[in-house]
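Once you scroll down, you'll see the structures, which are given as structure tokens.
Heads up, the next two complexes both have chain A, just with different partners, chain B and then chain C.
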Partner chain A sequence: MTRTELKLEDETFLTDDFLRQLINVGEVDILVGLPTHNNAKTVGSVVDTIRNGILRGFPRERAVIINADRGSRDGTPELVTSISIDDARPASNLYALRTLHSISTTCANGPGSGVALRTIMAAAELLRAKACIVMSPESASLQPQWISNLLDPIYRGGFDLVAPTYRRHKFDGLVMTNLLYPMVRALYGLRIREPYMPEFGFSGRFGSQFLGQNGWNDGNSSAGVELRFTLAAITGGYGICQSFLGEKDHTERRAADLVPALRQTVGALFSALEPDFSVWSTVAGSKPVPTTGSEQEFLLEPTRVNRKRLREMFSTGVAELQSVFQAILSPSTLAELQRIARLGDEEFRYPAELWVRTVYEFAASYQKSVISRDHIIQALAPLFRGRVFTFLSENRAGSANDVESNIEVLCLEFERLKPYLLQMWKSRE
Partner chain B sequence: MPLNKDALWYKDAIIYQVHVRTFHDSNGDGIGDFQGLEQKLDYLQELGINAIWLMPFFPSPLRDDGYDIADYNTVHPSYGTLEDFRKLLESAHERGIRVIIEMVLNHTSDQHPWFQEARSSQNNPRRDWYVWSDTDNLYKGARIIFLDTEKSNWAWDPISKSYYWHRFFSHQPDLNYDNPAVRVQMWNLMKFWLEMGVDAFRLDAVPYLVEREGTNCENLPETHNYLKELRRKLDEHFTDRMLLAEANQWPADLRPYFGDGDEFHMAFHFPLMPRMFMGLKLEDRKPITEILQQTPEIPPSCQWSLFLRNHDELTLEMVTDMERDYMYDMYAASKTMRLNLGIRRRLAPLLNNDRRRIELMNGMLMSLPGTPIIYYGDEIGMGDNILLGDRNGVRTPMQWSGGWNAGFSIAEPQRLYAPLIQDPVYGYPAVNVISQRESEHSLLRWMQRIITARRSNGVFGRGSIEFLYPANHRILAYLRRLGKETVLVVNNLSSTAQAVELDLRRYKGNILIEMFGNNIFPRVGDMPYLLTLGPYQFYWFRLRRV
Partner chain C sequence: MREMIVSELVQAVHELARGFAHYLPRLIALLILAFVGWVIAYAVKVILRSILQLIKFDKLSENTGASQLLSKAALPTATEMVSRFVFWVTWLGFIMLGVSVLGILGLQEQISRVFLFLPRLFVAMFVLFFGLLAASFFSRAALLAAVNANMPSARIVSLAVRSIIIVFVFSIVFEELGLAEQTMLVAFGIAFGALMFGLAIAFGIGGRNLAQRFLEQKFVRGKREENEDELSPL
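Here is the complex of A and B:
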């Protein structure tokens, strides 16, 4: 049985109604995917902006907006489909050269956007889309230009993956700045600022390849697929670039959101290390990727963060999870963590080297499954809060350059200690 | 075959547009003539058309292919005599073919005696037959139409030392329709030809007859008043004659030319034509349905005139800037192919000589509401010569055979009024009437069949149209209805095979009969009617309750 036949068989997860809609859409040049779940508050303006972006940047191209909805009950799909441009419902205030389909399908609910992305990629393959982007339905700061910024490098530039860069508050995206970006950079050798991409673009050929190779039906398939997509592009040797989009709106997160977020991101990264070992184990140093616009910009407005609470959660966690940490961490690392956990707010500091060793030891333990993998990810949460406390302290008064320098120092530390990870990886084998 | 005496004959007509000069040369001087055209009437009858539209054949310096008329009362000597024209008219009528001729109301040639008199002195009685001014600052709101050649609508006359108004070339001064003498004279000229037996006039450039300060000098009420005056006189004196308006305008601006059925009988639907090409290239019906949605209802006695190509450039005046750029990029990649705001190419080269696309476009031409016009040579897929100046590249001699001068003339080749198309693809050895007559599957034979199919059912000329809007936007589907007769037309604008579901539930119980092969298709039921169409395929179905 050929790979193509296998894939077609897999695609039976698409409903008959959705297939009928895809037949009506036909072959497209551009596909915009929009995974949603109860996003009625924001999705109307998002799809409107997407439509404007298509009409401005790609007026001649055959385009479609595909909404993969995870069972919204607030009318989200209806808002998405209402922005279609067709001759049956002509819009007097809008001029478009050709029809623009905006269609929706309901896909299974579950953690993360994996099923939705799978649906979008399957549709992209069936419609033979040349360039695709996936947009966040919550992006209040979305501008029409973002559509071109993500599509152009693929449609006209020949790249296979476009990762976004943003203007963010310096304390926004802390998992990204303190773990994902530096670790992916150190292990996989490419300086991709947002490897877990809220918005991204990809070529039809790469999407098709990923659709066929990703283990969609294993238990982890839904979690962190955006990150695994990035890693697949790197390991597959696809052309990757970054494109600056603009200011990314800040999303308020509750403390309780951290563990699910770590599952989605760090869990996905740790899971990928084993199959990708042959790739990352041979990489030394890191290279920049072609970037259109700024690589990263920081907003410096004062922001209120309860640092004291972060440190308390760190100390409590180190104390309460000692037995768990004994299974995960080396004695020296655990001892050092226990030492700093006893320090007061003023003296407390979770240095970069200790943080990198911690993360690497967690990664190695995850690979070995010394305890339940999910428990490993949960155990990382209090330690991450301690690291965040230090990051906030070090950068509280820092300029954009200072913040960038500190992130760069951390990245270099991840790169410098990579042999330590390899050593643990091999010894545990 | 007798003439169709129905006063609404133009609704059922299929018009063939031809320039006498281009069709057939009977006397070997290298220029087509009336006798030559008359000799080819059997061919036109065999093709199935029932009206010919002759481009201007009046005496003229021919600086605008005859649209610069120097004498309205006779014919250009190159084409024969007035008697030759009379004979052509009779012969056409004997074959049931109506004859439409040109009447250029807006302007004359600067060689016309009227203008020569008018410019001779400011006191000449004919002075006021044209529009004069001491300044070129009047009527600044009027656009310049021939952008590639003209910088102003005013031209300086060194003889009478003043400016004269011209909307087209500077050698075509506009007549002054504020002068009652001009109005009377132009009707008298029309009457002269109508009394001879001419069936209809294509009235050239009608939006521009009257000028008023502070306007764009187009479609003015005074212009409509005069056109209504002409129609009134026509109806007073004749019973089954027709006026066809050439007004390159948006549908809403065109609508007044029909009046309440008391102005023009017919008008060209200019905005539709480029959108048919656009829809084909986009593989999307939207441009076509949108312009037809914007097309207002017209009085019952009136009719749109539809065409794919004609003697002019494929005009892109009635499209947006974005659409124009798209059309240029898709259909006129070489700047040599562009002229004014248009593309000076024939149908077959525009469609890359793709037989399926040529057939689809003709299929739409024949089935959309209106009277179709076929430009001479397009029925055999003639090519063009973009190296010839102005619009002459689409006005080359008709290709009758693969022999001497393509069977057009026995003259020495260098004496032909224009060089023959000789390239390997479109040249006369490859594309000609005789060889296509021999082949049952030629474009010519196919054109005969579709014309027969069109004429077999009055629904196309007189019926209403209702668009179906299947979710597949590559499919253009519509119902044509007249009385109890209903025809379903389904066009696939795509280069790939398509499936489409049509909502025909209200015709539940009907069977579909495909009109070219008379084959029966499944009965319409409660479910959407599923059809599959090959690339650029189209169907015409009669709906029958059995």
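Here is the complex of A and C:
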């Protein structure tokens, strides 16, 4: 798609008022995107920190903050635009040599932040931004340094995508540690710790390319855009690096959101496997990506987790969803799951190999559409709880190194069993 | 007397021969139509079977649960059933066309009634198939939602959803076919009403604690957070 065609398409997608505001801003060097939806509690301090970060790290650059709001009812957009540049100066004694613009627009409320990210990328394309970052509006632990950590590798280092790494509790981000990171690593060959990125940076070049490629009007394509973005960077051969940001607040995404979280992440990954088959089918092993700072740090303080409930939900799920699993899983995998579901709490263990086989069989069934794809993703939730129970049991008293080595064992299992997925894929064809 | 009998017999034979000669071309037309109809019906059957195999109709009917019903009744696959059904409908159509050529009074009216019934039969089959598909889809959706919400008796919820949809679908099918319309309407009303009444009583009395817990989790913020695991999936 040419730049002119892209602009025409974007102009019809963006509102007239928003386009007028963008024209007033003119070209920029740096763009900070802030997708929001009812984030009045945190967005004020987030915008403040972003401004501080820009003033500290990029005082000479032309910068803009774009807030793409999905119809907040708590005054989030007003909060974003009302915080002026002067609010940041007295406290930190910082001075910008350029005007720091702040624009807010309301976009359609779709699944996840897909529509908001599209708006931000379209704005970046129209403003010809050289480096862009997207920040989570819920980041209570956001520090000004995060802005430089995400922007520097792009603006000064020539990378196209900067993925974050965090200091997190060892039991936070369990979909990431038990499924997304190991599977993306095994299939696409790059060790990106947070392939589904709450905060990330990207070059204008890559943003424009992705904006043109991603089928935004297809309902599925607006879900899990953060993951699609990472996969597009890998398959497109763009320069990817990781940057350590700091401590991630674990209350941002709660356990009750497991099924929507699986839809956003695992659903997006499974649906990307078919178009990306030519890439991942030829990859063997995995290699690290350049990383600034730590690759991952774990907090070890005790946390309250209802393990018994996880275990019960696994066993109930295996018993109640037998007819669903018969359509998805191989008879041997299902029999093994039924066997471990009958074990007591002490003996129960969902081994890495069985978990990897389960995930790969789910991925193959997703491609074959043996039943509704959304039902396949929902059916994975009780099994994931079983795997989480085992992960919690194995790492309850473990040090950071123990947790890391257990994750590494799982990753290697995903890599070892990759031919099994390929075999199922080929048998389908 | 003898001559009269012979003459009557000859006349009767002549009448029979005349009648036979009159009906022979129609009979031949009937046979030709039946033969041509068989050839066309067979061709339609083969083409339809290929199309259904191409679009994986058996897989679809497996999802609706129709395949399981067929195999329990020792019947062939859904693709084979539909192909055979279309074959027989097509061939019978041609045979009836041939029979109408015979010009037998009263029979033509019956034949036209059969032809008029065919579209309704197709609509009924269409409703039945997609109704079963919807029942299977929504009952599975209910089962998954109930399991992931950690609701007790998830399978009963799923079964209730399936039963309601199937009862609803069958009432539409019978109404479309015009079979015992009034009886079906009343039966459906009673069955549906009884089901809803039963569920309301079950939820109000048997599931009082469940309802209380559900409402508390939904509307009392503090209560909900107290019960949650402090884990984030992402």
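Here is the rule we use: the second predicted complex is superposed on the first by the 405 of 429 C-alpha atoms of A that agree within 3 Å, B and C clash if a C-alpha of one lies under 4 Å from a C-alpha of the other, contacts with A are read in each partner's own complex, and residues count from 1 in each chain.
We adopt the following convention: a residue touches a chain if its C-beta (ideal position, glycine included) is under 8 Å from a C-beta of that chain, and two chains touch if they have at least 3 such contacts.
Fair warning: this is a prediction, and the values are worked out from it, not measured in the lab.
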item	value
Partner chain in contact with A:257 - chain B first, chain C second, else both or neither	second
First, second, both or neither for A:324, with chain B first and chain C second	second
Partner chain(s) touched by A:265 [first = chain B, second = chain C, both, neither]	second
Partner chain(s) touched by A:171 [first = chain B, second = chain C, both, neither]	second
Chain B versus chain C as contact partner of A:378, first or second or both or neither	second
First, second, both or neither for A:27, with chain B first and chain C second	first
Which of chain B and chain C A:354 touches, first, second, both or neither	neither
Touching partner for A:306 - first (chain B), second (chain C), both, neither	second
Per-residue touch tally on chain A - higher for chain B or for chain C	C
For the chain B and chain A complex, residues of the former touching the latter	278, 282-287, 289-290, 293, 320, 322-323, 326, 467, 469-474, 494, 496, 498-499, 501
Touching residues (chain side chain C, partner chain A) in the complex	59, 63, 137, 140-141, 143-148, 150, 154-155, 224, 228-234
Footprint of chain C on chain A - complex, ascending	171-176, 196, 198, 250-259, 261-262, 264-265, 303-306, 309-310, 312-313, 316-317, 320-321, 324, 370-372, 375, 378-379, 381-382, 388
Chain A - residues contacting chain B, complex	20-21, 23-24, 26-27, 59-60, 62, 85-88, 90, 95-99, 101
